[in-house]
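Just so it is clear, A, B, C, D and E label the chains in written order, and each chain counts residues from 1 on its own.
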C-alpha cells in the first residue's frame, strides 16, 4: 500500500463514518434506550444502557417469533436466490448472445417486470389455484418471479464483457450449450453473480409486503414482519423497534462482508490475445 | 479419415465481401497450409470450416457428409484460435483437458493425455498456473495443447507457432508433422512462416483478397507460380518482378527472378548496378542492387560474400530459373 | 536522445525468480533486440523498463535519470504489447490517435499523424472499424500504429510483427528501420524472428532463463557465440553441436558447426553418413544426415542440390567456420 | 455463429415460466380491473372512467413533475456517486473493505428504520444535520418541512440509501475491465483523470446501463421512502405518482389505482425504453 | 380446536387480545388461539380486504367500526352475530355503527369508547388560573393568555404524523351535529357539503384561526405524535387536540406527568351546546366462511361480558366508558379519562364522529389539514378540495345520488 493510499484511506474513513455511520449510531443508541427515552428520539446518550434487556425483549417477543422468522426468511432467501441467480444468468446469456428480433420482445417483457407493480389479488387467486398459497415454496417462486427482471438486466449487460471467443473455444472443444454456459460463462460471471446474490438476498430477506400478502399465517412470519411487533400506526416502541431493525440487519450484513471480498478483478485476464 | 470439401464459399460482414467464392478439396489425411496476406480471409475461412460462422453461401462437406449447417460439435474438428481463447478461470491442465472432460473420458486417461501433450509443448512445469500467469508463447502452447489432446479427424490451426522462438518452433514443426503422420488426421494450417509452409505442407493454398490464387505442393508453388501474386508471396526475400521489355520479349507481362537465383560477380554479368544496401543474415547476405534499367534488384549471396555498399556489381539470372508471368 | 541502463534487475512472481540480475546498457539511438526462448523473461523485462511493473530489486536509468520508481508517463516511452491491448470501445483511428489526443495535440495534427501511420501500416481502409472487426494481423498493426505515432524517446516493441505475412513483415522491417533512422529514438525490440533480429539490430541481447547470455552485434553473435546456448539459438537451422572427441582435441567441451558451413559431396568428405530426411525450402534444402560417430548432422544446401533420402553422403566443415565452446 | 443452437431459447424456460405464470398473467388480468370499479369484492365495468378520473386528480401535475424530478435527480446522483465511490473503493485504499461495508449498510436496513432515523436527523431544530451546520455558523434549512425542499431532502436520503447498491454494481463492473487497457493507457501517457474519463467510463458502461436503468425505474416508481418520511407532504408538495396511486389503493379504490399504475407504467416506459434502446445500440462487445 | 385471530399490531390490541384469549382458554381448555399480527392503518385495511376477498381470513379478526367497516361489504363477507348468547349486552350506540341496513350486527367491541377533543396541561391551567373553556372564544382567550404569560405553546401540532392534524376538524363534529342534526345523512346523500355548510366549515376555520394566530409549537411540521404527548404532559404545550386513546402512551412515555394531563371536548360557539365527539373502538368480527364459526361466536359472546371488560381493564387500563352493559371503570383511572366520563353521563352530550355515521371519509383529509395548519391553504379552499375528494370516494362506493 502506498502512502497516498493510506492518506486517502484515512480521509475516506473519516468522511465515510461521518456520513454513513452516524445515522446508524442513532439507530444503535435508540436501540439501547428505555422506552420513555426512546420516544423522545434524539441522539443523546441513554441514561441507562439497556442492550441486554431490549435484546431479550425483542428475541422473546411473541413467543420467540424472531427466531422462527429468521428461519423462514433464510429458507425463502436461500431457495429463491439459488434458483434466481443461475436462471437469470441463463436468460441474460441467451438474450445478450443471440441476436434476434424476439430478443427485443423478451427484453421488453423483462423490463416490464421492473416497471409494473405486481397485481396482488389476481396473484393470490392464481397461487390458490396452484396450491402454492401460504407455502414457503410458493413464496420462493414469487420471489423468483419478482426478482428476475433485476437480475436478468444485471447479467445481460455484463455478459457483453466476456469475449465470445471463449464460447467458441468451448463449442469447438465439444461443449453442449449448457456446458458452455455452466463451465465457461458462469464461472466468469462471478463478480456479477455475487452482486446479484447480495442484492437479491437483501431484497428478499428484507421484503415484507410480499410475505404479508402471499404468506399469511403465524408459522410463516418473516423477519421484516417482526418489526410490526413494535411499530404500529399510533404508537411505537422505538427502542425495541430499532433493536429489532439492528438484529434483522445482521444476517445480510454478515453475508455482505463474506461475499464482498470475492469480487475480484481480472476474471478474464489472459484469455484472448487482441 | 476425413476429407474437407468447400464449394463456392462466400462470406460477407455487413455487406463487405470477405470471401468471394472459395472452392477447395482437402483430401483425407492431407496437411494443407493456407497462406495469404494479413486480412485476406484465412481465419474467416477456418471459422467457416469449423462451423463457428455460417458462410453467406456455399457448401461444406467433411468426410463426404454435407455439414454446411451442422454444429461445430458434429464436425469432428479441433481448432487452435489465433487469439488463443484460453479459459481464464481454468489452470493450464484443465484448459488442455477441457475437451476430454466434456467427453467424459476417465480421469486417468485425461491425465495421461494432458501430460503427454504438456511434455511435448514443454509446459510440464506450468500445469497448475492460470493463463494470466503465462508468457505469450506459453499461452500459445496451451492453445495448441488443447487442440491436440482431442484426436479429432480434422485439425484447424490458426498461426499456432507465431509467438514461439525459432528453436521451439522447429521442434514443434517436427512434433506436429509426427502427430500428423501418427493420427493420419486431416490438418488445415494457417501460417505466415515460409519455412512452416514449405516444410510441413502436402498442399499449399494461397489466398488473396478472398479468393484462391493457386493450390499446389510447396515445390510447385516455388518453381511454377501461376500468378505474379503467388510468385511474390512464396519465397523470402520475395522474387524480383519486373514489367517491361524483358517480359515482353517472352510474350509475358511480368518477368521474375528469385534473389537466390541471381549469381553475383564483381566482374561481369547480365545486369550491372550499384549496391544500395546490404543485409547480413549470417548464413546469407541480401544485397539490394540499383540497376538502371530495372530498378531495385534483390539478390541473395553466401554469408561470406564480401561487398560494400556503393560498389559496382553484376548480377546474372541462372538459366532455367526465370519466370514469365501474365497479370 | 535517451539511453537505457539496467542495473542488476531482479524480478519474482510469487517467489518464482523470473529475472535473475539483468545488467544492460542500451545506448542512445540504438536498436536493441531481445531474443530468447519462450518464457525466458523478455516481456517481463520490457514491462519493467516501461514502468508497468516494478522490479523486485535493481535500478533503471533512462536518459541518465533514475526512473526506477517513475511512472510510465514520465519515462518517455511507447510500447507495443505482445497482447496488443487495443481499446475495444475505440475505432482504429481513435486507438491510434489515443496518445496524441491525451496529450491534447490539435485535431488536424492528430489526423495527419494517424493517417500517415495508417498508410504505412496499410490500415487506411479500416480506420473506422472497432478492433473486434479486424483480423489478427490487422490488430497487431493497430498496436504498432498506436506506438509509432507518438514519437517518444524510447520504443518498446514486444514481437510486433509476429502475426504478419512475410511480405508485409519485410516491408514493416524496412519502415521501422527508417523510422528509427529518422527519429533517432532508442528502440528495444523483442522478436523470435531471426531475420528481424539479424537485419534490424545494432545490438542483440540473448536472454535465457532470466539472465543475459551474451550481448553483441548480430555478426558477433553469429560468428562468435560465447556459449553453446547462444550458438544454438542464433541461426536457423540451428548450429550442429557435439560433445566428445572433436571438441576435446581443441581443449573445448563442445564442437559446433552451422548447417550452412557444411559442404556436401557424394564422393568424399570428413564425415560420411546416410541421409535421413530432406526438407525443401525452395531456395535451400535442409539435409538431415545420420553420421555414425556424431549422431544427426544438419546441413544446408542449395535448392537444386539433388539427393534422395537413404543415399550416402559426405559432409565437410568449412575451414575457419568451426566453433569450439566451453559449457 | 449458429446462435439458434449454441444459445437455445430453452435456457429461458425454467424461470421464464415462473415469471410468466406468477407475474405476467396476473398483470394482464389486472389490466381488466383498471376498467372496472373494484373494491376487491365486487367489480363493475365502467370503461375508461378510471383513467379519466385519474387525470382529474387535483395534484396530478405536481405529482407527475415530482416523479420525473425525483427519478432524474436520484438516478443521476446514484450513478455518478456510485461510480466515483466504486473507483475509490477498488483503488486499494486503507480500510477499503470496511468502507465498502459501511456504504452498503444502508441498503440492508429497512426503509422504515431509515425513514424514522432521517426524519429525526433532518429535524430543523434538534436534527443532527442542522446542529452540525450551526457549529459551522450555518442556519440549516427546514429539510422536510419546507414544501420546496421536502422532495429534495427525501431524494438526498434515497441517494444515501441507494448509493451502496450502485457502488456495488460498479465495483463488479470495474472488476471486469481488463487491466490491459489501463496499462496501455499508462503507456499512452494518460493521467489518472484521463484514464477515468477515457477508459473507465466507457468500459464500465455495462454497469452504467444497469445502474441508470435500475435506479431510474425505481426512482420513478419509488414511494416507500417518501411515504416513510413525508407521506407526500407537507400537504402535497412531495407527492409523486406512485404515492398518489398508493393513497388511492389505501383508500380502497382498487380499480382506480390499477388504472393509475398503468398510467405510471406508460410514463416510465416512455422515459426508460428509448433510453435503453439508445444504451443497447452502443454496447461494446468484446 | 385452534382459532386463528388476526389483529393489528398496536401494543394495546395485542395485550388485550392476549388477555382475552387466555381468559377464554382457561374456561375452555380445548380451545387454543393463534394470533397473527398485521400492520395498522391503510396498509392493514388492505390486508384485511385482500384476505376477505380471497377467502383467507382468520377465524376471528379485529377491525375498525364505522365507515371503514362498510368498505368490507359486511353483508357479503361477514358473519352476523345477532345470535350470540350475550348479544343483548352490547350497547346500541355501538351496534348501530357495525350493522347493515337489514339490521344484521357484525361485531363485538374490543375496547372502550374514546373521546376526541383536547388534551390539556392541568398544572399550567392552574398556574395561570385558567378555566376549561366552554366556547371556542374562551378557548382562544385561554390560548392568548398562555401565549402571553408562559413559555408554553398554546397548542401542540405534530405534522410529522400527519394524521394528528385532522383532529380539530374531526373532533368538531359534535358542534356540527348540534347545529345541523341531519348533516350526516345529507352529506351521505350528496345534499350537504363541507364548503357550503357553515357549521361544517367551522372545523377547517378553527384550524386556520389557530394557525394564523401562531399558537403552535416551534417546528410543529417536524414534531411527532410522541412529541405532542410529551409536550402536553410536561407543559411545554398547553393543549393537544387528540383522541383519548393517547392516554396510555402518555403513561408509558412520561409516567410522572400523567396526572397533569386533562381532557375537554372541543368547544363550539354556544356554551349551552357543549358536547363530545366520540370514537367507537375496534371490534371483533367473524368472516362468513370461517371454519369454526360456533366456537368463534362463543368467544365473541364471551367478549361481551363484564368479565371480559375487567380482563381488558387489567391488561391495558381503561380509557373511556365500555360499550358493554354492566361494565364499570375502576376508580383509579387517569384524570384525563375521568374528565371525559361526565359527557357520557348526560344524554345528548355526545355524538359519534362523522365516520361512524356516514360511509364516506375522503383519504386526502390529513394532507389538507396539514396545509391549512401550515397556512399553505385557506380553510375554504381545503373544504372545497375535500368535497371533491369525498365525491371520488362516494363514487367508488357506488352510493346513490352521486
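The rule is short, and it goes like this: a contact is a pair of C-beta atoms (placed from the backbone, for glycine too) under 8 Å apart; a residue touches a chain by one contact, two chains touch by 3 or more.
Remember, it's a predicted structure, so these values are computed and weren't measured experimentally.
Participant: If you walk touching chains, what's the least steps from chain A to chain E?
Facilitator: Steps on the shortest route: 1.
Participant: If you tally contacts for every chain pair, which pair is highest?
Facilitator: The largest set of C-beta contacts joins the chains A-D.
Participant: Compare the CA centroid of chain C with every other chain's and tell me the farthest one.
Facilitator: Here the answer is chain E, farthest from chain C.
Participant: Using the average of all C-alpha atoms in each chain as its centre, how far is it in Å between chain B and chain E?
Facilitator: Computed value for the inter-centroid distance: 92 Å.
Participant: Would you kindly tell me how far, in whole Å, the mean C-alpha position of chain E lies from that of chain D?
Facilitator: Computed from C-alpha means, the inter-chain centre distance equals 38 Å.
Participant: For chain C and chain D, what's the span in angstrom between their mean Cα positions?
Facilitator: 56
Participant: Just give me the whole-number Å value for how far the CA centre of chain A lies from that of chain D.
Facilitator: 16
Participant: Out of chain A, which residues touch more than one other chain, so two or more?
Facilitator: 41, 121, 163, 168, 171, 231, 266-269, 273-274
Participant: So which bits of chain E are touching at least two other chains?
Facilitator: Correct list: 41, 50, 53.
Participant: Mark out which residues of chain B touch at least two other chains, giving numbers and ranges.
Facilitator: 52, 71, 82-83, 133-134, 136
Participant: If we count contacts the way the header does, which residues on chain A are in touch with chain D in the complex?
Facilitator: Where chain A meets chain D, its residues are 1, 5-6, 8-10, 12-13, 16-17, 19-24, 26-27, 41-43, 83-84, 87-88, 90-91, 93-95, 97-100, 102, 106-109, 111-119, 121-123, 126-127, 130, 141-142, 144-146, 148-150, 153-154, 157-158, 160-164, 167-168, 171, 177-178, 180-181, 191-192, 194-195, 198-199, 202, 206, 208, 224, 227, 231, 238, 241-242, 245, 248-249, 252-253, 256-257, 260-261, 263-269.
Participant: Quick one: which bits of chain D touch chain C in the complex? Just the residue numbers, please.
Facilitator: 178, 180-181, 183-191, 194, 198-199, 202-203, 205, 284-286
Participant: Which residues of chain A touch chain B in the complex?
Facilitator: 163, 165-166, 168-176, 179, 183-184, 187-188, 266-274
Participant: Taking the touch rule as given, give the residues of chain B at its contact with chain A in the complex, in rising order.
Facilitator: Residues 50, 52, 71-73, 77-79, 81-89, 98-99, 102-103, 130-134, 136, 139, 146, 150 of chain B touch chain A in their complex.
Participant: What does chain A use to touch chain E in their complex?
Facilitator: 35-36, 39-41, 62, 120-121, 124-125, 128, 133-134, 212-213, 216-218, 225, 228-229, 231-237
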